[in-house]
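All chains are identified by letter, namely A, B, C and D, in their written order; residue positions are counted from 1 within each chain.
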Amino acid sequence: MSESAVTQAGRPVLEQHFADLPAQEEARKLGMWIFLITEILFFGGLFATYTIYRELYLPGFIQGSHLLEVKWGAINTAVLIVSSLTMALAIRSAQVGKRKSAIIGLLGITAILGVVFLCIKFILEWRTDYLHHLVPGINFDYAGPHASHVQLFFLFYFFMTGLHALHVMIGIGVVLALSYLTWRGRFSPHYYSPLEVTGLYWHFVDIVWIFLFPLLYLIGGR
Amino acid sequence: MIHFFHFGKTLSAAWLLFPLHPPTASTIAHRVDYLYYFLTAFTLFFTFSIFAVILYFMIKYRRRSDDEVPEEVKTSIPLELAWTLIPAAICAFIFFWSCSLFFRNSRPPANSTEIFVVGKQWMWQLQHANGAREIDELHVPLHVPIKLTMTSEDVIHDFFVPAFRVKEDVLPGRYTSIWFQATELGTFPFECAQMCGALHSSMRGEVIVMKPDDFAHWLSSNAPAQTMSSTGEQLFAHLGCVSCHVDDTSGRYPQLAGVYGRQVTLRNGARAAVDESFIRGAIVNPNAQPLAGYTASMPSFQGQIDEVQLLDLIAYIKTLGSGQKADALR
Amino acid sequence: MSVGVAELATRSRVHYLNESYGVKSWLLTTDHKRIAVLYMVSITFMFLVGACAAALMRIQLLDPAGAIVQPETYNKLFSIHGIIMVWFFLIPSIPAVLGNFLIPMMIGARDVAFPKLNLLSWYIYIIGALFVLYVVIYGGVDTGWTFYTPYSSTYSNSHVFAAAAGVFIVGFSSILTGLNFIVTIHKMRAPGMTWFRLPLFIWSLYATSIILVLATPVLAITLCLMAMERFLHMGIFNPAIGGDPLLFQHLFWFYSHPAVYIMVLPGMGVINELIAAFSRRRIYGYAFVAFSSFAIAFIGFLVWGHHMFVSGQSVYAGMVFSGLSFLVAIPSGIKVFNWTATLYKGSNSYDAPMLYALGFIGLFTMGGLTGIFLASLSIDVHLHDTYFVIAHFHYIMVGGSVMAYMGGLHFWWPKITGRLYPDKWARFAAFTIFIGFNLTFFPQYVLGYLGMLRRYAVYPAQFQALNVLSTAGASILGVGYFIPLVYLIWSMRYGRVAGPNPWRAKGLEWETPSPPPRENFEETPIVTEEAYAYPTRPRPARV
Amino acid sequence: MASAKVVPVRTYVLTFIALLVLLGLTTGLAYLHMGVANTVLALAIAVIKMLLVVLFFMHAFYDKGLTRVAMVLGLLWLTILIVLSSADVFTRNWTPVPHDWGPDISLQQKTK
């Protein structure tokens, strides 16, 4: 194994308890996949309760859903899909040994798209919902026929999108940290596993949204 | 023979000091006990067999010197299959036994006398159909199937009568029910089995099983001025239910005569049986299960009436048009 | 003379315990062996706190009217006992202590896959424990360890939030430990260490880790929902707006039933090692025992509804859950039968760890078979929430898991500390624990069928005799646990030096010095034989 | 890691375009009134989108073995959770209607 494979920017990248770099990278990848399984079940508890209440109180859930703006949901989905593409391309750039600036650029776009997503979510959606008294437990006042079931719907809406937004925030933080490490020259075609596992996480967060979008915004024909 | 008799007497004396089962005072208690005895015998047999075999091997094949080399033993697949399949068969047998017993006990007989139970921290309110109310006491007649319809004002409670081998959680916002038929006269404790707060262990009372005549006497002497259904009738008028559901002839509102004990079609096409839970839902949460063919919405009575009043209303609705049910059957 | 030389050799050799000193060298360690020791100290402390609560409960129940405390206090005692014993002792006990210490050694690795994550798990555990200790000191929680809504979310006036937060936090410690183990077992095995050469302890911890990873997140989200409900009264489990309190129970038991297997599967793994080492033979039916762990882990996820037979659950769901619950009995039976068969024609010794192992088999059999009572619907209707349930799961958890933990601790103590404990005392303690345990919990089966309910601070007078018996047993049990605490600590300084393999057992962990060096092995071992390759002589030919 | 397959940019871009097309499709379908089919189609499209992301962006198409097992395991367990808890909630009212209960009636019958 060449010197460059074992150290990067003067720091050893192979932890001493691993036999070689591929073993270390495979272990990290498997670790991230297992972490993603726990994430599936973390959101899964919410998906299960959501499924049951939605089946029990469909009319109320449809009404609640129609109070959301499909426009913002769809735009946000697109934003996350683009960010997934830039993330994948950033990893590819590291893999084939492109210039640092190219990698940092792509990571930067990914992070910015994450921020755009959050802005749309919090400022354009949550804030409006708050002004319309649709936040259960804090400011909820809805007079329609299925008020209590609309309340249940919004409870899930805030809990699920809130938990998802938290994941996006963590993702943005990690992506920014990786941009810094890229700038410090820590990654190369020999060693880029932190980028790779972060990519897995970012795509997973995208997938969660792919399900949240139809489940929350697209109930019943509009 | 005589020795055996004496032994039996000593045993029954020990029984009184250390009983192994609670009183068996309902029709199902014996059946549950039989299964219990079978399982106990099964458990003791296997536990002692395993202990005995272990002990035997430990003694017979104890290590005699630190350098001894044990004899080779190959895994026998038939043996593995035997101790996989035989327990599986025994389990299947127990499963069908217990399940059939449970399923049979889960449905009250049609001629059951209904008594209503409301649990709240930390007391039991019980009410008979004629309006007689009791707190932490339940009088029932001997040899008559009794159905308890139960709900809670606050947290989850659980109504448990050890002597009858019945138990069911008592939930807020829902009706659950149990039934039993007492076979012994006497007084038997009932208690709350679901942790419900500080005085959980004091939330208990007694079932008093009486001869049917005595019970009828007790019931009439404790009857208040009004039965549950007449209280319900007053509420029905007072809350304004009557204007839409009985007097109205426009056809915009469902008429309630004879509705209890039927099936109705819901707006989403599903069919529902109109029982106590359905009527309760229709009062506190009217729009959750809208009926097919009606568009008018009804206000919710959530929070305006308590569980006892709800039960009164239901008792009244059940009396509406009970004669019609007989017609429909014919 | 030779003892003196060995003593000197141990002191002069550099190993994981003496390679560095000072608080910092322990608190910042990434060595799986040191982390295991950190866990051992912390769970022992938590065990003592939980045991104090248990002792107070048993004293209270000496008198039908309650001997020492008010019902409110009693409710807090059993809640804190449950929370601490389940999440802060049993779940981390064998995985985080013995598993952490042994998994890398048994598979021939230098450390777990993610050593820093491993240390993080311990810190997360400590933070969770601090929350719970805060609850203990500042007034307690009274919901029981099950946190059933709506009592927990609306009605309880105790520190529900802090307790739930503690459990929520410690859940992440479990998840990270499970994740670490899975990756370690997949990716860190020494050359030649194929799956079917793995010790059965590894198989059972692998199955356990899968449960940890798949079940714990659901508990986390459930507790989140409960806490939000308590804070904001949003109404997710509130029947007034259509919420269903039973849904909380479903989600809770989706975790908490598999959690039972998180507690007992590692125990079963330990028993395999003990039986093999002290009967000097390969576990009978290795493959069957290995796969039965997976069967238990998988079926364990499908049976949670048997905690809800009388909760107002659908009759039909009850029957499905009951049928599935019976299935768990089969792989459990396979294990018991195979352990017993391993003793056949073995070279069986009576060392203390073996006594624990035999105790485990007996008590686990009893606990498992009484589980069949509770899987049977019509019997469970009567037994649910009675002392029968308490006795049943203490036979599994204490008679099973704690016995296995004690057995494992005694077995590997020479490896962990390099010292032997006084064998006579150890055997005496094992007997005391066995006797005390049965005296404590057997009467509770009888009490349960008679109708004595759990979580009762006061109870009808006719149950007093059996309760006094149970409390007497508990005091013997307490003594039984106290003796090892004393001689194990004593042995760390004064015990005989053990040498690399005091039991002449097979397994990679016995091929390295005791205590092991930081890197576990001087050089990466190459595995060429099956697990438990004890020498045997061929069967004599029949004449 | 140097051995890991380099996925061509074209694959990423095609995946991306497919995702956007599906997004448009699912949003458009939401404006049609199809009853249950709305939900079924929306979820089917979501599953296809998930598979695209998992297979190409997350490289599951190229990583054989464990990665796929991991994903399937997670989804299988989620299914267990949803199916078995629904099995309770939706069968609670299955308890058969007693024999002596009448057939469906119209509630518009007049009492008098």
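Operating definition for what follows: contacts are C-beta pairs under 8 Å (C-beta built on N, C-alpha and C of every residue); 3 or more make two chains touch, one makes a residue touch a chain.
Everything numeric here is computed off the predicted structure, so don't read it as measured data.
A.B. asks: Between C-D and A-C, which chain pair is linked by the larger number of C-beta contacts?
C.D. replies: Looking at contacts between chains, A-C has the larger number.
A.B. asks: Just to be sure I understand: the centre of a chain is the mean of its C-alpha atoms, right? Then which chain's centre is nearest the mean of all of them?
C.D. replies: Central by C-alpha mean position: chain C.
A.B. asks: Roughly how far is chain B from chain C, going centre to centre by Cα mean, in whole Å?
C.D. replies: Distance between chain centres, rounded to whole Å: 35 Å.
A.B. asks: Counting only residues that touch at least two other chains, what does the list for chain C look like?
C.D. replies: 186, 214, 218, 240, 242, 244, 246-247, 250-251, 254, 312, 315 - these are the residues of chain C that touch more than one other chain.
A.B. asks: Among the residues of chain A, pick out those that touch two or more other chains and give their numbers.
C.D. replies: 30, 34, 37, 41, 44-45, 48, 52, 56-57, 148-149
A.B. asks: Mark out which residues of chain D touch at least two other chains, giving numbers and ranges.
C.D. replies: Residue numbers touching two or more other chains: 66, 73-74, 77, 81, 85, 89-90, 95.
A.B. asks: Quick one: which bits of chain A touch chain D in the complex? Just the residue numbers, please.
C.D. replies: Residue positions touching the partner: 5, 21-22, 25, 29-30, 33-34, 36-37, 40-41, 44-45, 47-48, 51-52, 55-56, 70, 74, 77-78, 81-82, 84-85, 87-89, 92, 95-96, 189-193, 196, 199-200, 203-204, 206-207, 210-211, 213-215, 217-222.
A.B. asks: What does chain C use to touch chain D in their complex?
C.D. replies: Going through chain C, the ones touching chain D are 186, 210, 214, 218, 244, 246-247, 250-251, 254, 301-302, 304-305, 308, 312-317, 320-321.
A.B. asks: Can you name the residues of chain D that touch chain A in the complex?
C.D. replies: 1-4, 6-7, 9, 12-13, 15-16, 19-20, 23, 26-27, 29-35, 38-39, 42-43, 45-46, 49-50, 53-54, 56-58, 63, 66-67, 70-71, 73-75, 77-78, 81-82, 85-86, 89-90
A.B. asks: Can you check the complex and tell me which residues of chain B touch chain A?
C.D. replies: These residues of chain B touch chain A: 268, 285, 287-288, 290, 297.
A.B. asks: Provide the residue numbers of chain C that touch chain B in the complex, in ascending order.
C.D. replies: Touch residues, chain C against chain B: 71-72, 75, 142-144, 146, 148, 150-151, 154-156, 239-240, 242, 245-246, 279-281, 284-286, 288, 310-312, 315, 318-319, 322-323, 326-327, 329-330, 333-334, 336-338, 340-341, 343-350, 358, 361-362, 365-366, 369-370, 372-373, 375-379, 381-382, 384-386, 446, 449-451, 453, 455-460, 465-466, 504, 534-540.
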